[in-house]
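Heads up: the structure comes next, in structure tokens.
Going in written order, the chains are labelled A, B, C and D, and every chain counts its residues from 1.
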């Protein structure tokens, strides 16, 4: 119970300038509210880690929070490119962005190794590609039994792991279900962790598939619809119109900056942003 | 559906003399019926793999099916020693038994590596122990990033994996829940597989935690109470009296041989054995 | 299964994407286990499942195994994929336990650029550090293409997409050709077919070079050659693609409708 | 929580096992995450949970996390452990994600043989290839003892169990003493306490040699020395173990009753 707090406190306590921050959620349960709070508290020089940096990281990158991106697929799913991400890469605006780029398989092994307390993980992968040319986190290893050469990837151990889950119980244990992604590994690999949840329940029911005990979760914050515009299985659907609208908003620096100002800097929390954005998109 | 058959056919088709056979089930869902069928069909020279060779492997070893045991803990849980196992090790009766002995962590990594199509797995373990002196399946590996020395264990890829599950559906998909053990890994690591189930259902309900699709299961056989004397969560409890009685039965070669003759060789299937053994133990 | 009347009469009322999707769907056999990317691969796999291949098994990298969505999903992580799946596993598990060991029959991918050996680029156009166009990156493709028993590729054919030399190799196909893929370690057999808006290409059995084996109705060799950034090999027994049937088109539109 | 009257008056009506269990339970702090072996460790951990340490977190190697059995389980895989667990994970996961990274405060083990540095043998008595007694083997112990922040050991003390040299090192404790455990790579701090039927031993902070720090009521230094296969070090400030209270004994019997 001592880990249940406001999202503002959770971010203030756990996310510092220069940290390596992993925000996960594979199309499902993406922690948008936590991303907004990091922008609101103006964290800088973050090393952002995420398999699928989509709109949530476009916002953080465009707002100038990031110095490096560790990832495997960056796009606006079903819509197109991430304009803020591309402008950071192509034009170093609002600042330069280093890339440490992998495959999904490689990233998931890096997280699993981190969650397991191992310095590296092994996979059959990366061969015949240019992926290994621009990263120092993929090397070769020889099987001590068969002599086969395999890919070794360095473990990911972020300073902070951030996810959204459907539920917490009153002890601060966290439960989620539906598409599971790499969230369990992201939390277990991280030194500290923040979980936003839809609600606090007395008891988890059998549909809950992953439970993270309170003693591996630094902070739990109740943020209803905190994964919007992504979805929370059993709570609400994906807001596809928001993703489409983002293409327009993010295309222009000034429109983007104005949006960040209005929706994040000038609001005190995520519910104020939701109140602005949801009615206008409700008709779609 | 084409994988659903009798247990006798499943064993006849999939288990051959000399095979490496992994029968898993961690105190829960131990595939005793399948073990009896292997004894009944008189398979020989098996390399038996199992983290916890308990009464099921005492029976197979005592019946002369095994030439080697790959394991991490061998005992009659809550009761004491395995007398047939000990007589095989101490006195080479009914034949000699090679041992490839590991820790639980090591065995579980070996299975995971096998399920992952990797030739080895890595763990922090085995250091400072004599475990590495008597096996060739544990070596050292150096992390290509940190230079740390870690244990590498060779992958397990049995010829046949055998488990018991609560349910199959009509397509031959398999579902189980409760204590999960290493069963998923044992099936995925094996070239062929046999699953006995309590029953066939139209649809799995949400309590089912692990589902193995029919295309990774060579044979499904319906054998009610097929995990007896171990238990099947949601179906029946552990028969603790059987485990205690086994201590007496297995202590003496002749009593054991008579038991195998009566309960396995002279019966046509597991239900006949159950009819003999259950009434006498029902009062406990 | 409801009995449906099959109308095998050809139609010319279709888009290029619809044709590509239908040709791709035909390539899937009933019972194939298919690791599906989003877009045409996903639509084609669902079309196959709802027509000639009801037992095709669809796996998405979001960890959903044997999903049976009623409509083509918009993203690889749509809620319906989880709701209709036989099993949902974590992302690390789907790659480690299901893809990597070679359990997948067909890896089904799109790409931005392709070379004559079926290697793919989905990372950058131009120089990596100073790109002309920054693309999304690798995603699941490198290991899908490595581990699947065979790979199917779907992309529009143009001089910009069918290039002599990739700006960046994101995903290996037949590597440098002439069987060189086999030197990369244990892996599946690589690209078996490339389906474009102009025709169908398959690798030469010896050199692994993609060869035009079929032209779609109304398309010409000249169009195919002009849309290819290397001297395109044409099969001696070049065929014409069987046009979509009315049944196929109707099934496709049913699957795609939202 | 129901309010219960605590009866702190001492009792002498207990068995050796009961005393060992109660002394072990006292060593657990509220909130400790404990990886529990079956037998006395399991009973002691459950006793602690039902008395002074209600928030102690019990983890069994069967993959059950934060179990709250009403009775001491007979095996590490009892159904009640799954039914009362906060989470049930696979055996590979419990070792890889939960034990190995050092998340466990206390590893709680028994053994057949122990040496002066708290190394353990649960494999063979006699020669490995021609054993006098074949024991069950390692189970989870080697990595539990390696990865847990501290280890608690419980076993009966005798010249046969407290030996000068182990027949086989199954599980490392303080290795060869004098801080040599630290050379084995990243690991927890090793055995913090050994609880026997005669007394309590703790490692010397410099040499890591197990030293008798407490004698149970009625036991003597002579008994302890005779039951130890090496010259046993005795602490200068040797204490007498606080005898079980009536409340402790009653709680233990409630937990153990079947």
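One rule holds for everything that comes next: contacts are C-beta pairs under 8 Å (C-beta built on N, C-alpha and C of every residue); 3 or more make two chains touch, one makes a residue touch a chain.
Every value quoted in this text rests on a predicted model; they were computed, and no experiment measured them.
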> By label order, what chains touch chain B and chain C together?
Replying inline: A
>> If I drop chain C from the contact graph, what connected components are left?
In response: one piece
> How many Å are there between the centre of chain B and the centre of chain D, using C-alpha atoms for each centre?
Replying inline: 29
> Taking each chain's centre as the mean position of its Cα atoms, how many Å separate chain C from chain D?
Replying inline: 58
> Which integer distance in Å separates the CA centroid of chain A from that of chain D?
Replying inline: 41
> Hey, what residues on chain B touch two or more of the other chains?
Replying inline: 117-118, 123-124, 148, 150, 184-185, 209
>> Counting only residues that touch at least two other chains, what does the list for chain C look like?
In response: 96, 100, 147, 186
>> Thinking of each chain as a vertex joined to the chains it touches, would you call that graph a line, ring, star, complete, or other?
In response: other
>> Under the stated touch criterion, can you name all the chain pairs that qualify?
In response: A-B, A-C, A-D, B-C, B-D
> What residues of chain A sit close enough to touch chain D in their complex?
Replying inline: 115-118, 173, 184-185, 188, 210-211, 213, 215-216
> If you look only at chain A, which of its residues touch chain C in the complex?
Replying inline: 26-28, 51-52, 71-75, 77-78, 81, 85-86, 89-90, 101-106, 108-109, 111-112, 123-131, 133-134, 148-150, 178-182, 184-185, 209, 231, 233, 237-238, 240
> Of all residues in chain D, which touch chain B in the complex?
Replying inline: 38, 61-64, 74-79, 81-82, 88-92, 95-96, 99-100, 119, 123, 128-129, 131, 134, 136-143, 146-147, 168-172, 175, 181, 184-187
>> Residue numbers of chain B touching chain A in their complex, please.
In response: 117-124, 137, 139-141, 143-146, 148, 150, 152, 154, 206-207, 209
> If you look only at chain D, which of its residues touch chain A in the complex?
Replying inline: 31, 33, 57, 65-66, 86-87, 96-97, 100-103, 147, 186
